[in-house]
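Scrolling down, you'll hit the structures one after another.
Both complexes below contain subunit A, partnered by subunit B and then by subunit C.
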Partner chain A sequence: MDSILIQLLNGLDKGAAYALIALGLTLVFGTLGIVNFAHGAIFMLGAFCAVTFRKLLTLSEKVQDPTVTLFAAYKEVPYLKIWFGDTGLMIIDYAVPLSILFSIPIMILVGYVMERGLIRHFYKRPHADQILVTFGLAIVIQELIKAAFGANPIPQPPPDIVSGSANVGLWLGLGEALVYPWWRLMYLVFSAVMIFGVFSFLKYTTYGMVVRAGMWDRETVGLLGINIERRFTIVFALAAVVAGVAGVMYTPILPPDYHMGMDFLVLSFVVVVVGGMGSLGGAVAAGFLLGIVQSFASMNEIKDIFPGIDQIIIYLVAVVILLTRPRGLMGRAGVMED
Partner chain B sequence: MSNSNKFSRRQALKFGAAGAAAMGAGPLIFTRNAWAQAFPNDPGSNANVILGFNVPQTGPYSDEGADELRAYMLAVKHLNGEGDGGMMNTFTPSSLKGNGILGKKVTYTTGDTQTKSDAARASAKRMIEKDGALMITGGSSSGVAVAVQGLCQEAGIIFMAGLTHSNDTTGKDKKRYGFRHFFNAYMSGAALGPVLEKEYGTERRAYHLTADYTWGWTQEESMRQFTEGMGWQTAAAVKTPVGAGDFSQYITPVLNSGADVLVLNHYGKDMINSLTQSIQFGLRDKQVNGKNFEIVVPLFSRLMAQGAGENIKGILGSTNWNWSLQDAGSQAFVKSFGAEYGFPPSMAAHTCYVQTLLYANACEMTGTFYPPEVIKALEGFSFDGMGNGKTEYRAEDHQCFKDVLVVRGNENPSSQFDLLEVVETTPRSQVEYDAKIFGGELGPYKV
Partner chain C sequence: MKQKLFNDTTLFLTFAAAILLMPIWLAPLGASYPDLLQKFAIYGIFAIGYNILFGLTGYLSFGHAAFLGVGSYAAVWSFKLFTMNAIPAVLFGVFFAGVLALIIGYLSLRRSGIYFSILTLAFAQMSYNLAYSVLTPITNGETGLQLTLQDPRMIDAMFIEVGEGLPITNLFGIKMSGYSGFYFCAVLLIICFYISLRIFRSPFGLMLRGIKSNQNRMNYTGLNTRPYMLAAFVISGMFAGLAGSLLAVTDPLAGAERMQWTASGEVVLMTILGGVGTLIGPILGAGLIKYFENIFSSFNNNILHDFFSFLPDTLENIVVQVTGLFVGGGWHLTLGLLFVIVVVYLPGGIVEGFQRLARLLSRKKQPDKTSSSLKNQSAE
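This part shows the complex of A and B:
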C-alpha cells in the first residue's frame, strides 16, 4: 500500500509539471492557433530566473579563511549577511519562492516580446512554418542561456524548513514508514493552485469569457468590436508566466540546465496530443495521467516483467489512446484536422 | 709563404679533435632521431611539445573536469620550470629537469569530452590530427576513457587516463598505449568491504542504484562481490541513466524493498543529486529490519562532498587520494595547487597531475618521445613521493597499485575543505589481484 501511494504521489508530481507546461501550450494553440515549440524554453527561462535571483542575493565579499594554513584560502560572505545578519541569510534561504515574484514581470515581458516581435508574423502561415520558427527560437534561447550560465546544472536548494520530508503515512493513518519530501508536496499544491487559477480566470472573468469566445470563433468576436488580437497577446504572456513560474518552482526538484526545456517539451507535446489539441481540461488530465503511468512503470515489480518499460510507457499510452480516440481524450472535432 | 701549405702540428690537433668529435657524435646524430619517421606527431626539431588535455567541461562530471584541467595546467607550469615545482620536488626516482620535456617547452591543447564517448573521441581525434598532440590524457568517465584509449591505441598515441574507475579500463579493455594511475572498482570493494563489515555487520540487505555504463556496472559487480562475500544480501540492483537529474522514480522503490543499505554507484553530479534526493525521501531517518538505514557511496571525492553539503556527513566511501594526507608529496602538491587556485585539489586533479609528470619522466628516462620506448619505461615503473606512498605501474595491465583510502563524510569539519575523514588506509597487498581475472589483451607496441 505504501509503495503504491508513494508512486501515486510521485506520479502526481511529475504529472503536475507536464500539466503546467501543456496547459500553456494548449492556451497558445487554442487562442493563437500557434504550435509553439519555444514553450519548453520559456519553462527553462523561468528556472533561470530563480538561478539569477539567487546569484543576485548571494553577491559576496571575499574574506580570508583563517582555518586553512597551507595556502591563502578565501570564504565568500554574502553582502546580505554582512548588512542584515541572520535576516540576510533567511532571505537567501527563501530564494526559490521569492524568485516567483522576480520571474513574473520578466516572463510577461518575454511572452509579450516573443509574440509581438516574432510569432504574430506567423499566424497565417502553415503549421510547419510555425514549428520551424518556434523551434529555431527555442534553440537560440537555449544557446543564449548556455553562453550566460554554462552547460552544467545549477542546484537550487529549497528553504531549510521544507528541505526534509513530511510524514504522509501518519496523516493518512498508515504508520510512520510513508514519507514524502516537503518541497514535492508543495509543488503539487502549487500546481493545483496554478491550474485552478487559470481555469477560474478563463471561466469566471469577463476577460476570460471573451478569450474563450475567441478560441471558438475569432471572427465573430472581432465583428463585435473586440480587439481579440490584443487579448490573445496577453494570453500568450499569461501562458509564459504559467510555464515560467512552473520552471522556478521545479528548480529544487531538478537542478536547471540549458536543455531542461527541450526535455520537457517533447513529453508535454505528447501530453497535449493525448489530451486533445486545444483542450485545456484534456491537457491537465493527460499530464497527470501520463505522470502517474510513468511513475508506476518505474516500480521494480513492473520492470522485472517489462525491462525498460519506464522509458517508453508514455509513448505506448499515447499510441493506444490515439488509436482508440484519434482526437485525444477531450479533443474537439475540427481542430488541426484541415 | 713557404709555410702556407704546411700542415702544422696545431692544425693537425685541431682537425684531429674535430674529427674525433664528429666520429663520436656521428652515431648519436644517426640514432637520436632513429624513430623519427616511425611515430605520429613527433615534435622533431620543434621547440615545443604539445600535450592534449581531454576533460569533461560540460555534463555530470564537469566539476571534476574543471579541476583536472587546473591540475594539468599546474603540471605544465612545473615541467617548464615555473612555480614552486610541486611534487617534482618529492617524486623519486625522477629524471625531470624542469626544462620542459627533453628540453622542449610543454604546451597544451584542450578538449571537452562532454562526458560522452563519441564527443570525447571526436575531441581526442581533433587534438591528435589537427593540433599535433603527442600524448592524450583526461577522463572523468570510464566510458570516455575506454573509448579514447581505443582511439589512441589505433593512432599510436599514448593515453594517460585521468579519473576512470571501471575495472574494464585496465581489464578487458586494456591497451598497450593506455595507462591508469587511478584505483579501480575492485580495489574500492576490497578496501570498503572489511570496513562495512566492521561498521554495519554481516546481516544486511543492500539495494544498488547504478549508473548505466561500464563504470557503474563494474562498481556494482565489485561491491556485490565483496558485500555478498561477507554475508550481505542484495535486495535489488537498478540501473539509472547518467545525468538523470531527478532520481525520485528510482529512489521511491527503495523505501519498501526491505533493504537496509542503499549503495549509490553514482559519481559526480549524479551522486550529489541521488544522495540529496535519497535524504529528502527520508532514507537516513528510517529503521529497517531493526537497524538504521545506511547509505554507502563507493567512490567518493571532496568535490562531490562539497556539492552534497550536510547530506554527506557520516557516509562511507573510498577515494584515491585526499588533500588532508600529511606525506611530503601531498603537502607539496596541496600547497602549490592552493597557492595557484585558492582551494585544495581534488583526487581527480591529483591523478591528472601525477599522470602528466609520469609521462614526462618516462620520456626523460628513455631520452625519446618514441611511444614504444616510453611505454616500456612506464611498464613496471616503481616510484614514491607522489602522495600515495610506494606505487607501481604493473606491466601486465598498466594499472597502478598503491594503498587505498576509506573515508567518511566528516561530522565535524575543521575548515570549509575538511569534508572527508580518512577512516582507514588499506594497504596495497589487500587490494591487489591477478591481472588475468578481468581478461583483455594489451596489444602491440608498434601500431
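This part shows the complex of A and C:
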C-alpha cells in the first residue's frame, strides 16, 4: 500500500513536470500553429535563471578570517551577509523560490524576442520547417548555456526549511514509514496552481476569451478588429514563462545541466501528441497519465513480470493510444494531419 | 525549362568519379584520411536512404537511427557467429533493418503529419531503451557489442586457421580498414546512388511525389497509397541498415547510442542542409556535417592562436575567445546556427544555394552558357 502511494506521488510529480512543459507546447501550437522544438530549451533556460540568480546572490568578497592567526587566511563572505547579516543569509537560503520572480521578466523577454525575431517568419511555412528551425535554435541555446555554465550539472539546494521529508503517512493515518520529500510536494502544489492559473486566465478573463476565439478561428477574430497577432505573441511569452518557472522549480529535484531541455522535450512531445495537438486539457491529462504509468511501471513487482517495461512504457502507451485514437485523447479533427 | 546538358548517365558517371577520386580532391581540405572518407560514404548512404522517404513523400521520420543501430548489431553478430567477411554482414544488416522497418512502417504509416513523426520517434526510443536494458544478452548493453576471441565464427573456423589476436574484417582477404574499407563503402554508395536515381525517375518515384503534394487527391483517384508508402519506408530503412552495417564493417563494434533520437535528428539535419528531395543534396549535407564534426571539433585554442597570430596581442586574444566558442567542443553551436540560417534563408539547402549562385552567374555572363548550365545540372 505504502509503495503504491509513493509511486502515485512520484507519478504525479513527474506528470506535473511533463504537464507544465506540454501545456506551453500545446498552447503555442493551438494559438500560433507552431511546432516548437525549442520549448525544452526554454525550460532549461528557466532552470539556469535559478542558477544565475543564486550566483548573483552569493557574489562574495574575500575577507580575512580572524579565527586563524598563524597565517593570513581568507574566506569568501557574500556581500548580502556583509550588508544585511542574517537576513542576507536567509535570502540566499530562499534563492530558488525567489528566482521565480527573477525568471519571470527574463522568460517574458526570451519568449518575446524568440517569437518576434524568428518564429514569426515561420507561420506560413510547413510544419517540417518549423520543427527544423526550432530544433536548430534549441541546439544554439543549449550550446550557449554549455559555453557559459559548463557541461556539469549544478546542484541547487531547496530552502532549509523544506529540505527534509514530509511524513505523509502520519497525515493519512498509514504509519510512520511513508515519507516524501517536502520539495517534491511543493512542486506538485505549485504545478497545480500554475495549471489552474493558465486555465482560469484563458477561461475567465476577456483576454483569454479572445485568445480562445483566435484558436478556433483566427481570421474571424481578426476581422472583428482585434490584433490577434499581438495577443498570440503574448501567449507565446506566457508559454515561455510557464516552462521557465517550471524549470526554476525543478532545479532542486534535478540539478540543471545544458541538455535537460532536450531530455524533457522528447517526452513532452509524446505527451502533447497523446493528449491531442492543440488541446490544453488533453496535454495536462496525458502528462499526469504518462507520469503515473511510468512510475508504476518502475515498481519491482511489475518489472519482475515484464522485464524492462519501465524503459518503454511511455512510448508503448503513446503508440497504443495513437493507433487506437488517431487524434490522441482529446484532439480535434483536422489538426496537424496534412 | 533548364537545358539538359547532362543526362542521367553522365550525372551518374560524374558522381561515381567524384566519389572514387575523393581521396585526391579532398586532400587540400585536410579531409582525405580514410576514417573520415569512410564516414562520408557511410553517412552519404544513410542520408540518401532518408531522402527517399522524406524527400519524396514528405513524411518526417524521427526514428531512422533504430535501423542504423539494428544494421550495426546484425553485422557484428554476423562477424561473431559466422565469418569476418563483410558481404554476409552487410546482407544481414540490410535484412534485419528491412524487417524492422516493415514492422515499424506498417504501424506508423497508419497516421500522417506529426503523429507519424512521434510514432517513429516512439518506436526508435523503445528500441534504444530496450537495447540498453532488457536486450543486454544481444546488445551487450552500455559496453556495446564487441568481437571476442571466444566467438565461434563457424564459417571462418572451417576454412581459415585461427590466428593470434582478434581477426580483422575483410572482403575475401582484403582488409576492411583504411583506404580499402573506404573503397568498399564508396562502391556501395555509388550503387545506392544509382538505385536512388532510378527510384527518382521511375513511376514509383512519381507516385511518391504525388503523395507528397496531395495525398487526398491520390486517394480520390482510387489508389491505395499505403503500399507505396510502406515500400518507400522499407527501402529507406534498408539503406539505413546498410549504413549501420558498414559502420560495423569499418569498425567492428556496435553501441546503443547509435539508436538514440539525436542520431535520427542528425540525418534529418544532413538531408535538410544538403537539400531535401534532390539527388545530390543529402550526400553533400552528410559530407559537410561529418567534415565540420571532424575538422572543427579538432581545433583548439592553440591552433587558433597560431592562426590569428598576425593580429596584435589583445585583439588576438579577443578573436580567439570569440572563435573558440564556435570550434572545438562548441562546434555544435556552429552547426545549430548554420542550420537556423539554412532553414530561414535557403529552405532548399546547399543545392538551392548552388542553383541561385548559378542563376546569378548566368545572368552576369550571358555568353558563357555552358559552364552555368553545367553547374545547374550537377547541383540538381
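A few remarks follow.
Here is the rule we use: the second predicted complex is superposed on the first by the 326 of 338 C-alpha atoms of A that agree within 3 Å, B and C clash if a C-alpha of one lies under 4 Å from a C-alpha of the other, contacts with A are read in each partner's own complex, and residues count from 1 in each chain.
In this text, a residue touches a chain if its C-beta (ideal position, glycine included) is under 8 Å from a C-beta of that chain, and two chains touch if they have at least 3 such contacts.
These numbers come from a predicted model, not from an experiment.
Once subunit A is used to superpose the two complexes, subunit B occupies space next to subunit C without a clash. In the superposition on chain A, A:L223 contacts neither subunit B nor subunit C. By the touch criterion stated above, A:D129 is placed in contact with subunit C alone, subunit B being left untouched. Of the two partner chains, subunit C is the only one touched by A:V319; subunit B is not. In the superposition on chain A, A:I305 contacts neither subunit B nor subunit C. In the superposition on chain A, contact of A:P155 is made with subunit B only, not with subunit C.
In the superposition on chain A, contact is made by A:E143 with subunit C only, not with subunit B.
With chain A used as the common frame, the shortest Cα distance separating subunit B from subunit C works out to 7 Å.
For subunit A in complex with subunit B, the touching residues are 2-3, 6-7, 10, 13-14, 65, 67-68, 70-75, 150-153, 155, 163-165, 177-181, 183-184, 253-255, 260, 294-295, 298-300, 303, 310.
By the touch criterion given at the top, residues 58, 60, 107, 110-115, 117-119, 121-123, 125-126, 129-130, 132-135, 261-262, 265, 268-269, 272, 325, 329-330, 332-333, 335-337, 339-340, 343-344, 347 of subunit C touch subunit A in their complex. Residues of subunit A that touch subunit C in their complex: 35, 118, 121, 125, 127-129, 131-133, 135-140, 142-144, 146-147, 262, 266, 269-270, 273, 277, 307-308, 311-312, 315-316, 318-319, 322-323, 326-328, 336-338. Considering their complex, residues 57-60, 62-63, 236, 238, 245-246, 248-250, 252-253, 255-257, 269, 272-273, 276-277, 280-282, 285-286, 307, 331, 334-335, 337-339, 342-344, 414-418 of subunit B touch subunit A.
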